[in-house]
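Each of the two complexes below includes chain A, the first together with chain B, the second together with chain C.
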Partner chain A sequence: MKILVCIKQVPDMESRFRPNGEKTWYDESDLAFRMNEYDEYAVEQAVQLKEQLGGEPEITVLSIGPERTVEAIKKALAMGGDRAVHIRDDRYYQKDPWQIASMIASYAKGEAFDLIFTGMQSQDRGSAQVGVIVAELLGLSCATTLVGFSYDGGTITVKRELEGGIKGVAKLKLPALVTCQLGLNTPRYPTLPNIMKAKKKEIASLTPAELSGEAELTATAAIYPPAKKGGGLVLEGDIGVQVDRLMGILKEKTAVLR
Partner chain B sequence: MKALLIGEYRQGKLLDTTYELKAFADRLGADSVMLLVGSDTELPKYAGKLYLADAAKYGEYNPDLHKQLVLQAVEKENPDCIVFVHSSYGWDLAPRVAVALKAGQVSEIVALNEGAYEVNACNAKLRRTVTPRSGRCVLTIQAGAFSPSGEPQGTPQLERLELSGTASAIEFVGYEAAEQKGVDLSKAEVIVSAGRGVGKKDNVPVIAALASALGGELGASRPVVDAGWVDHSHQVGTTGQTVSPKLYVACGISGAIQHLAGMKKADFIVAINKDKDAPIGEIADVLVVADVMQFVPAFTAKCAR
Partner chain C sequence: MDFELSQDHKVLRDSVREFVEKEIKPIAMQIDEEHMIPDALVNKMAEMGFLGSYLPEEYDGAGLDMLSYAIVVEEVSKACGSSGVLISAHTSLACGPIYTFGTEAQKKKWLPALNTGKVIGCFLLTEPDAGSDAGAISTTYRREGDEFVINGSKIFITNGGYRGTGVLFATSDKSLKHRGVSAFIIDLNSPGVEILKNEKKLGIRGSYTTAFALDSVRIPAENLLGQEGQGFKIAMDTLNGGRIGIASQALGIAEGAFERALAYSKERKQFDHPICELQAIQFKLADMYTRIETSKLMTYKAACLKDAKKNYTAESAMCKMLASEAATYVTKEAIQIHGGYGFICDYEVERMFRDAKITEIYEGTNEVQRVVISKMLLS
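Up next is the complex of A and B:
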């Protein structure tokens, strides 16, 4: 069995964000990058399936982005990926989901993967499109937003998370692509020996020019901080003063402190 | 401009979010037709043409077949845009339709901005305006972002859709009910919730201590539950519980839309966050800009006095 896991490296979402000079994306300076959280679940599920099948499947990790992306790739390899493909693209953020998915599909087309795992969306762009588009382009069956996954003899059973905590269960035959939701599993922390082993694993490098030359179907016109709706009172400064002021406000405005 | 609106139907019921699609079309100033894979007994109030396919035949969740049904309606109506709710149904189906039409898709629209669509980026810390570059486009709208202005009215003019076959690569097995709630937060007068900003599991008791000092319950955001710091029964938000306490204290919660949807009806909201720009500040009555682990113990001590 051949498995592909598509991952993205994104900034830590606890960061403060500001637009870049062109106002088309965020300024990357001063941001710490890590693997997209949803993709950690995708990597973990692939590795668990490999373990279930006695180590037979080969797991390829794919990521698109600038040089720094290699750090996320190395983490996926240390979690249990076998080999990796880095599509080196410094202008990745100017590409829309259609272009990103077309590059992935163009690479995957010749590889005949049986199963592809992706996160359900990226934490920065959040379009929730790339995985599904890849599946459509490759003619794979596809289910999104997985909080449950099992494999038995060429069929996967997935549990999709629906609104209100309800789940929908469906069966898909391979080849298939699934997108992973938070909470699907417990992503492992790479151990030191596995981090060392990962250093020896192959990371092939490709350029966008070798893949798809699709034109964009949507474009970012501008990026900016959301307009402040006024909001409430902001308390800053000394903790002791903040505590006293909040206490006063709660006594005045709510009935819970008497 | 003409919009094809894709309604939602689950567990034998029309979903109310369907009406938000019409509200969005009205805001666009677009004419609309609607498509629903549903049933005759659960028709939307809608003054227009409704393409109806039978869910008993084509399933409530079968994106392969539903895609073909949408494409059939597109063929008949030649719409400029096809609009879905950004929901477990919509985000699953929309890109399939977009690829088939080679149309650009704009996901989770929260507002209209001079002809462009506004969407969130980076946990709603940034906004992006997106313009389609394809003649026809696929749009998904954030649930709750476009509310109907009045009671929906009208009787749809039905046109039935059928496919020649129902073969599909996906077999829907059934639904699983939500997990039993060990803690009923809906009746709590005070909820103090822990978010990722509390840092680690060992810090959760500090938040629980404030909850108990205020005579309330402990709540939690999704990441904290997924990380196993707090049990799912305490989760507030779209996939957890919807609450409306007299006081809601969000500790280290940045304010993802899914969380806000579960607690924005609280009478009074206090947020404690070290990031002054965190989206939770938009709906908080008071935002305390501080490190949660410094502020909360100090405040709890004051309450206890």
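Up next is the complex of A and C:
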């Protein structure tokens, strides 16, 4: 079995976010980076499947981004990936989900993967489109936002969260692509011996030009911080009056008391 | 000259940090209060490879380098100084000398269990009357057939309470001073090894600090580490490397306290403003951060020199001195920034203040470090 896991390196969500000079992406100088949280679930699920199948499947990790992206790739390799492909692209942030997905599909087409894992979305852009577009481009069956996964004899059974806390179960035949959601599993910590082993694993480097020349479908026009609002509403006076006013506001303007 | 960590070291640092945030930070206060690191945490750290980070893979170590080891101890100590010194004493003072001075047979026999944390290592040098003057130890050994017989006592043995594997120093003849000292590998479950007590301490309370009586303890002759009479050299060389571990521990404690002080200074409001807007607090933060960064540079430099197999004696003494003094300074100022809250146990800088002090004392007092540094200058 050949497995592909697509990961992205994203800013740590505790970073300070500011638009860059072009106002099309974040100013990266203040940012710390880490692997996209949802992609960690994807890596973990792939490694668990490999373990279930006695180590037979080969796990390839793919990521698109600048040189620093290798840090996220190495983490995925230390978690249990076997080899990696780094599509080196310093202008990755100018590409829309269609272009990113086209590059991934172009690489994956020749590799005949049986199963592709991705995160359900990236924490920075959050479009949740790349996985499903890749599935469409490759003609794979696809299920999104997984909170449960099992594999048995060429069929995968997935659990998804629906509205109102209802769970749905779906069965898919391989080849398939699934996107992973919080709650699917608990990603393992890379251990020191595995970090050492990861140093010896292959990381192939490709350029975007080798994969796809698709033009963008959605261009980012601008990103900006929201306008600063006033300092909010401060309730004053007797505590009983404050409570009554707060209750009134919660009833009128929010759904919490309905 | 590049002061950036490599990608591999960043991956390592982030992985260790994640582990520490989730597995150690939430129980650091409990470790201090209960005077014990839970076995479950020791086992998890062992599974992570923290107990054999820079030892080669052929002896079941992780096969990383000294800089990786320094980063591990630093990151762990940010949350818990007790757990930091467990790793440092175990790796630098037990795995280290067995790897450096042991025969192939000794390495094969003792290192895999140590490196994977199945047994915890310690270093038995200090005695009631032999601290900085390590050549003055009076624990004796004599040869009897295929065995050495050890008699004496040891105190202040970090990790001693685990009764694992020790590197023990004893003399054949006290009048020979340091020339009479030899080193041995000892299984602390051997008959005649008695734990007198685990000390109660100001800080690093989760770490065992053990006093031993050694009453006619028989050690197989094959457990002699290095040559007879080479013990003092082995001890000094081991402490030389160990100082990088203690510097990393001190650095971590300082960073942990600084992170809390910085965050608190932004949250705490007095006179209608966060106290970080007061220059009195800003200057404290600047001084604290500068000492931390200076210590970090020297600690990483010492580690890199050791990795490059260059002489690092002065740097390891300097980093231990700088980082330990940064730790006591930064933790003290962290309490000051917290005001009265800092004096309360719940705010944790109180514990860090207590944990910091020992780093100026053990693995060579800072006075001894100054001797080492000035010797290098004047030789």
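Note that in this section the second predicted complex is superposed on the first by the 229 of 258 C-alpha atoms of A that agree within 3 Å, B and C clash if a C-alpha of one lies under 4 Å from a C-alpha of the other, contacts with A are read in each partner's own complex, and residues count from 1 in each chain.
Following the convention adopted for this analysis, contacts are C-beta pairs under 8 Å (C-beta built on N, C-alpha and C of every residue); 3 or more make two chains touch, one makes a residue touch a chain.
What you see is a predicted model; the values in this text were computed from it and never measured.
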May I ask you to decide whether A:P193 touches chain B, chain C, both, or neither, giving the answer as first, second, both or neither?
second
Just to be sure I read the superposition right, which of the two partners does A:I249 touch: chain B = first, chain C = second, or both, or neither?
first
Quick check for you: in the superposed arrangement, does A:R34 touch first (chain B), second (chain C), both or neither?
second
May I ask you to decide whether A:I166 touches chain B, chain C, both, or neither, giving the answer as first, second, both or neither?
first
Who wins on chain A residues touched, chain B or chain C?
B
Write out the stretch or stretches of chain A touching chain C in their complex.
34, 68, 70-71, 74-75, 78, 189-196, 198-199
Seen from chain A, its contact residues with chain B in the complex are 11, 13-14, 16-17, 19, 26, 96-98, 120, 123-129, 132-133, 136-137, 141-145, 157, 159-173, 176, 182-183, 186, 215-226, 228-229, 231-236, 239-240, 242-244, 246-247, 249-250, 253-257
Using the touch definition up top, name the residues of chain B that touch chain A in the complex.
10-11, 61, 63-64, 86-88, 91-92, 94-96, 98-100, 102-108, 116, 119-134, 137, 143, 169-179, 189-190, 196-197, 214-216, 222-223, 225-226, 228, 238-240, 246-247, 254, 267-270, 275-277, 279, 281-290, 294-295, 298-299, 302-303
Residues on chain C engaged by chain A in the complex (per definition of touch):
7-8, 10-12, 14-15, 18-19, 47-50, 53, 57, 62-64, 68, 72
